[in-house]
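As structure tokens, here come the structures.
Across the two complexes that follow, subunit A remains constant while its partner is subunit B and subsequently subunit C.
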Partner chain A sequence: MKSLETDVIVIGGGATGSGVLRDAAMRGYRAILVERVDLGQGTTGRFHGLLHSGGRYVVTDPRSATECAQETAILSKIAADAVEQTGGLFVTTPADDPEYADKFAAACLATDVPVQEIAVAEALRREPRLNPKISRAFAVNDGSVDAWKLIWGNVHSAMEYGAQVLTYHWVTQVLRDGDRVCGVVCRDDVHGGEVRIDADFVINAGGVWAGQIADMAGCPDVQVVPGRGVMIAMNHRLVNTVVNRCDPPGDGDIIVPIHTVCVIGTTDTKVDSPDDLPIPRDEVQQMLDAGEVLVPGFRQSRALHAWAGARPLVKDTRVAADDTRHMSRGMAAFDHLERDGVRGFLTISGGKATTFRLMAQVVVDQMCEQRGDTRPCRTGDEVMPTAREGRNYTVGHRLADREGDRLDDPLICECELVTRSMIEEHLTETPTASFDDIRRQMRLGMGPCQGGFCSMRATGIGHEIGALDAARANDRLRLFLTNRWIGLHTILHGDQVHQTVLDKWIFDGTLDVEHLPQAQEAGQ
Partner chain B sequence: MSDVVVVGAGLAGLTAAIRLARAGRAVTLLSAGVGGLQLSQGTVDLLGYTPDRVHHPLDAIDRTADADHAHPYHHLRADGVRHAVEWFAEVLGPGELVGSLQTNVHLPTAVGALRPTALMPPSMAAGDLRDGANVAIIGLRRLKDLYPDLIADNLSRTDLPSGGRVNARGVHVDFVVRDGESDSSGLVTARALDDSSTLLRFADAMARELTDDDHVVGVPAVLGLVDTQTVWSTLQTRLGRPVFEIPLPPPSVPGIRMNASLTAHAKAAGVRFVMGGRVVGATREGTRITGLQTDTAGRLRLTRSPWIVFAPGGFESGAIDVDSYGAIREPVFDLPLAHVPSDPVVSADYWADHPLFRTGVAVDHSMRPVDPTGAAVLDNLVVAGGLIAGATRWREKSGEGIAIATAVRAADTIIEDGS
Partner chain C sequence: MNDEMRASLDHCVKCTVCEAHCPVAAVTPLFPGPKYVGPQGERFRESGTSVDISLDYCSGCGICTHVCPQDVKIAEINAQARHEMKSRKGISVRDRLISRPMVTGRLSAPVAPIANAVLRNGLARRALSATLRIHRKAPLPASARMTLRRWLRGRTQAPAKRGTIVYFHGCAANFYEVETGRMTIEVLEHLGYRVLTPKQGCCGLPLQSNGLFDDARQHVHSLVSALDGAGHGLPIVASSTSCGLMLKREAHEILGMEDATLASVGARTFDICEFLLDLHDHGELPLDLAPIEMTIPYHAPCQLRGHGIGTPAVELMKLIPGVTVVESNAACCGVAGTYGLKREKYDIAMAVGAPLFNMVRDMHPPLAVCDSETCRWQIATATGVETVHPIALIHRAYGLS
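Up next, the complex of A and B:
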């Protein structure tokens, strides 16, 4: 068994885990992150992309609201490349309680969430497709954030401080030495075999899976209930600012413009397993109805893709529900020394992507305290390496890039403007990457045709540069088509039916992908 | 006023228009735009999988016609398909279409699968590979829709339907189509090769990469847009061995050629083309359609004719609507639909046979649309092509066979009507 040694192991490659890795590394600890699949493949990669102004929480959770406002300001600077400063609106639609608006405005003031009421005519000028029957409108500092870019920003920053990241490393054991956690054993799902990592400290940032990990460490009853949310990406930015319903938080109360699409979200249903997240048709219908309330005609627009994510809803049966020290800030930090008598092990879960940096700070502070170190957090002050240009994301950035290289570099994914060298570089560096891993890196196949043209090209390139043999190339292509379908089949209507059938003509018809030789036929 | 209005400029619409015009009818072809044939691979598939690989398509058509009464071939049978496709092949002539209706050939696709088809342009015929052949697959560095190593590796490890295996290798040629352009589409490349000096430069670039051991050469289907026969035979002569084209994803050069050729035949036969005229509705008296409403230049126009061939295509053309509630409808005439699935309309499994894709309009032997009892719902309208219910064409490889045979049958219904 391969073995490694470090100061801190971080389990979980979402926003929180990558934030913890960065924080620990910046404080001078040697740190290794282990993730069972790809970075951002869990909850962080499956939300609508809202960077909260705080407005959503001003009435129901004022403390979270203030934290969101502060963190959004920080992230817009330290992770500028991941953040689009779209601005946001809270609007009172005919379906909303008209009295909520005044409560909302007062609560914004009380929580230091910047807000400005604007005339309905001005709101409609800014967002012409908005329901013209809105009665109030408030401008806030909502933005949208590319969660994957945020994670890689954290990771690149952490790596500059010497941290390591091991993806597709599935933790099978949390090692104990008496009352102390002393490391983990992982299964390497790409190269095979096991890896043992010894460390003084393990931080569990497993999100919805945090309870399972805590169990492995002998710290039972960390209850994380997955709350499934369904979201739908629409083909266009029907709105260019985040549009929220000015009403208490509810299902389908927001449309977030992000990249070339906009996303309606979301439902909230408690489910048994975070690994089994169906996209129920009734919830899809519920989201389409909700879209219609904010943007009339929403149902006639083209739905591209639906997905489900699982929020981590943390319950700790061992502390009282009003124990804010343990359950504060919409996040849950478990000190297992105090709770279970186990040293060297902390759990952080709950929370939201917007406040991941603060969550990391809280848990790394706890670690420092337990170790008796005084090392202040610096993550809010230093810009991530990926954001050093200091410019926020704008939707036209790839178009601008392609103006520079369009004659030299073939365009492989026309929808998302992905070039051949982008794919080649990634596959050369990470030959084991699946096309979904590449998708998370560069949005391959996420546009209107949902992989109709680019996925065959990516297959050919991966094979041509030697990253994949033919059998694996065929499997990757089939897997990518299968995975894209998960998000398509529940929302298949309107123009997306035409597109899907055109794609079927290409893959099943012209290319006959179904009858490519199977893997087992190879080598004869 | 025309004798017949054909709605749709795809393979079915063009075929019906030519058939009717050659029978002396005055034909107007109305279409929203250029037809879907330009997206096709340029072969004439009759039946390729049932779901096992089909070797003798006419036999398999009769078996399908017997076993599945809802399949479009039920009304046509092998005789109907042969009658129609033989006529169609005569229209294009052996310079544009070769092969046999009796026996399928299995041609390499742009990922290296062996795809069954009946008729093909002569420039693809040498793709019917034999045991022991050494095959060189040529890729162009600046063309992103064909990766020769992948095709070669897949071909080399596939058992040929005729038995045995081939030895295939990928060959890369850096052919500059336009100076300074790294991303030349198949269409741009094909257009360039119609120029004889460019073609010779192309042939020489390929010849440098080949060895005496390469028996047969596969190239992307870019061998000229206009005069493929000359481009292809010149290339074969220069390389001194058989050359075959491999169709690319759309826009497909062989599909564009076939579309151009059929359009020219239709015009020569007197068909009047009205493009940009999407048919959005109709006027009717009882069971007769009296006029077609087209949305042209922002206003509705009414076109009258005694007969209508309705060939608007399938789901890919938007000829069948699925709304956001899952309601499925033929939007122009509100024709009764057959095979309408209950919710869910598609399976969660990508590879399943999705019920939605068999949905369409059911027809009788004359290609008149019928209601669930089998009774014709309109007197003077016949349907052809992708709109007809009962087959997942791209999967069973029956698209052209159904389009041509239903179009000929639909046209013959009108011709035989005589009025």
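Up next, the complex of A and C:
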């Protein structure tokens, strides 16, 4: 068994885990992050991409609202490349409570969430597809954020401080030495074998899986209930501003423009397992209907892909129930020394992507306290290496990039403007990467054709540069198509049917992918 | 952007049929192709920003929209994106000038011999190329000594035997190719129509294709009032394929105009060949056509496809005994209105038109025929073969010339 040694192990490669890694590394700790699959494959990679102005919480959760407003301002600077400053609108549609708007405006003032009421005509000028029957409109500082870029920003920053990241490392044991947690054992799902990592501290940032990890450490009853939310990405940006219903928080009350698409979200259903998230057709219909309230014609627009994410809803009877400070933030930090008498182990869960940096700060502060160190948090002051150009993301940036290189670098994914060299570089560096890993890096296959044209090209490139033999290349292709299909079959109506049929002709009819030789690689 | 056009990008299945048919992408890598700049690029565009200058290499021929099996309004999306780009980056003096045929026509008509001599002068053309970036070999039309409107002033109309028609002659027939206008009127009068020619201006198409949408809309607005004012509900006949298409479709689809008069005028606008063939289909076209022994190359201009009326000129010419029509089956002559005049695009336009030019030259014909004026000038300049509107043959076969 391979073994490693470090100061802190962070379990979980979502926004929170990567934020904890960065925070710990910046405070001078040697840190290793372990993630059971790819970075951002869990909840962080499955939300609608909203960077909260705080507006959504001003009435129901004022403290969260203020924190969101502060964190959004910080993230727009330290992770500029991941954030698009779209701005947001809260609009009162005919389906909303007209009384709420005044409550909303007052609560924004009370919580320091910047807001400005604008004329309905001005809102419609900014967003011409918006329901013309809206009666009030408020401009707020909502933005959208690429969760994957945010995670890699954290990771690259942490690496500059010496941190390490091990993806596809599945924690099978949390090691104990008496009342102290002293490391973990992971299964390496890419190269095989086991890895033992010794450390004086383990931080559980397992999100919706945090309860399972706490169990392994002998700290039972950390109850994280998965709240499944269904979201749908539409083929193009029907709005360029985040548009919210000015109504108490509810299902399908927001459309977020992110990259080339816009996302309607979300539903909220408690489910048993975070690893089994169906996408019920009635919830898909519910989202399309909800979109219609904000943007008439939404139902007829082309839906590209549906997916479900699992919110971590923390329910803890012994500590968190009276820990109102943390519950009010929507985040839950468990001090297992206080709660279970176990040293060297902390759990952070709940919360939202917008406040991940603050969650990391809270839990790393707790670690410092337990260790008796005085090392202040600096994550809010230092720009991530990926954001040093200081420019926020804009939707046109790839089109501008291709303007410069399109004659020399062929397009592989035409929908999302991914070039051959982007894929080649990634596969050369990480030959084990699945096409979904590449997708999370560069949006391969996330556009209208949903991998119909780019996946076979990427397969060919992987084989051509020697990263994959023929059978493995086939497996990667099939796995990618299978995973795309999960998000397609429930939204098949209108234009996406034409696309899917064409894709099927290509893969089944022409390439006969089902019957190509298989390598029987370890699946994901 | 006109939402109806942008929304059509949802229909794209990336099949690439448009790219395979694009005559510009086939000859130059400078244009990334209609799918790239159209339904694909549009997803990356946000109102108020413009990052892809290569879009300007679209000639606007419209073949992409015509061939799209999914009904994506590709050319229309591109035209609107180009307008956005131009309104941000600014529009050159050249583009402002060549998009106003009425202004250039009015300026040069009174001094036609001088203007024409200047345009034929190599030195002057070099100067034009250096200052305004209009290619020195580009097909600029010669000004007529007498405009169509001046010719109309001095004549008396034949009495009407079968109804009244409004003639939309456009700028070309007024200032440059007066023959086409005169022959159209004479053929219609020969058939017994009373032809009204209300005072009329430019349809705004060159402005539109150079990204000057606001000016273009004003022109459309004045034009449709003038045509409608001649007599509400009367059929309108156009001898310019592209200007007729402006009224039928493009003012609505590209300029986004929702004007009741435009809708009414557009619905009763007919291409002259479409109109005559329709008479024939109803058995109302006299067939006393004198034989013309001639084998003629015919090129259907790109804009004709936009009409969705097939190739009525071919059907009509075939009615003339002795005429053999050989269709070019070429995609495009390259000029696309004003595209091929521009110094930076001239070579592309010539490469686009090369198969057509070769076909025409190889036939050594006495005449070539094409419905659209800028295409005729392009074909004539490139091949040296006199190129006429189909009405010229009909006119001759009826013994009118």
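Here is the rule we use: the second predicted complex is superposed on the first by the 512 of 524 C-alpha atoms of A that agree within 3 Å, B and C clash if a C-alpha of one lies under 4 Å from a C-alpha of the other, contacts with A are read in each partner's own complex, and residues count from 1 in each chain.
The definition used in the following text is that a residue touches a chain if its C-beta (ideal position, glycine included) is under 8 Å from a C-beta of that chain, and two chains touch if they have at least 3 such contacts.
Fair warning: this is a prediction, and the values are worked out from it, not measured in the lab.
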First, second, both or neither for A:Cys415, with subunit B first and subunit C second: second
A:His236 touches, of subunit B and subunit C: first, second, both or neither? second
Touching partner for A:Phe453 - first (subunit B), second (subunit C), both, neither: both
Contacts of A:Gly509 with subunit B and subunit C, given as first, second, both or neither: first
Which superposed partner A:Gly396 touches (first subunit B, second subunit C, both, neither): second
Which superposed partner A:His498 touches (first subunit B, second subunit C, both, neither): both
Which superposed partner A:Leu407 touches (first subunit B, second subunit C, both, neither): both
Contacts of A:Asp102 with subunit B and subunit C, given as first, second, both or neither: neither
Partner chain in contact with A:Ile486 - subunit B first, subunit C second, else both or neither: first
Which partner reaches more residues of subunit A (counting touched residues only), subunit B or subunit C: B
Common interface positions of subunit A, toward subunit B and toward subunit C: 406-407, 453, 494-495, 498, 502
Residue ranges of subunit A touching subunit B (in the complex, touch as defined): 281, 285, 288, 299-300, 303, 406-412, 420, 453, 456-457, 459-461, 463-464, 469-471, 473-474, 477, 481-482, 484-486, 489-490, 492-495, 497-498, 500-502, 504-506, 508-517, 521-524
Complex contact set, residues of subunit B against subunit A: 39-41, 49, 53, 109-115, 142, 144-147, 149-150, 153-154, 157-159, 180-183, 247-250, 252, 314-318, 321-326, 343-351, 356-357, 393-395, 397, 399
Residue ranges of subunit C in contact with subunit A within the complex: 3, 6-7, 9-15, 29, 32, 35-36, 40-47, 49, 51-54, 70
Subunit A to subunit C touching residues, read off their complex: 128-129, 235-237, 240, 260-261, 297, 301-302, 394-400, 402-403, 406-407, 414-415, 417, 447-449, 452-453, 494-495, 498-499, 502
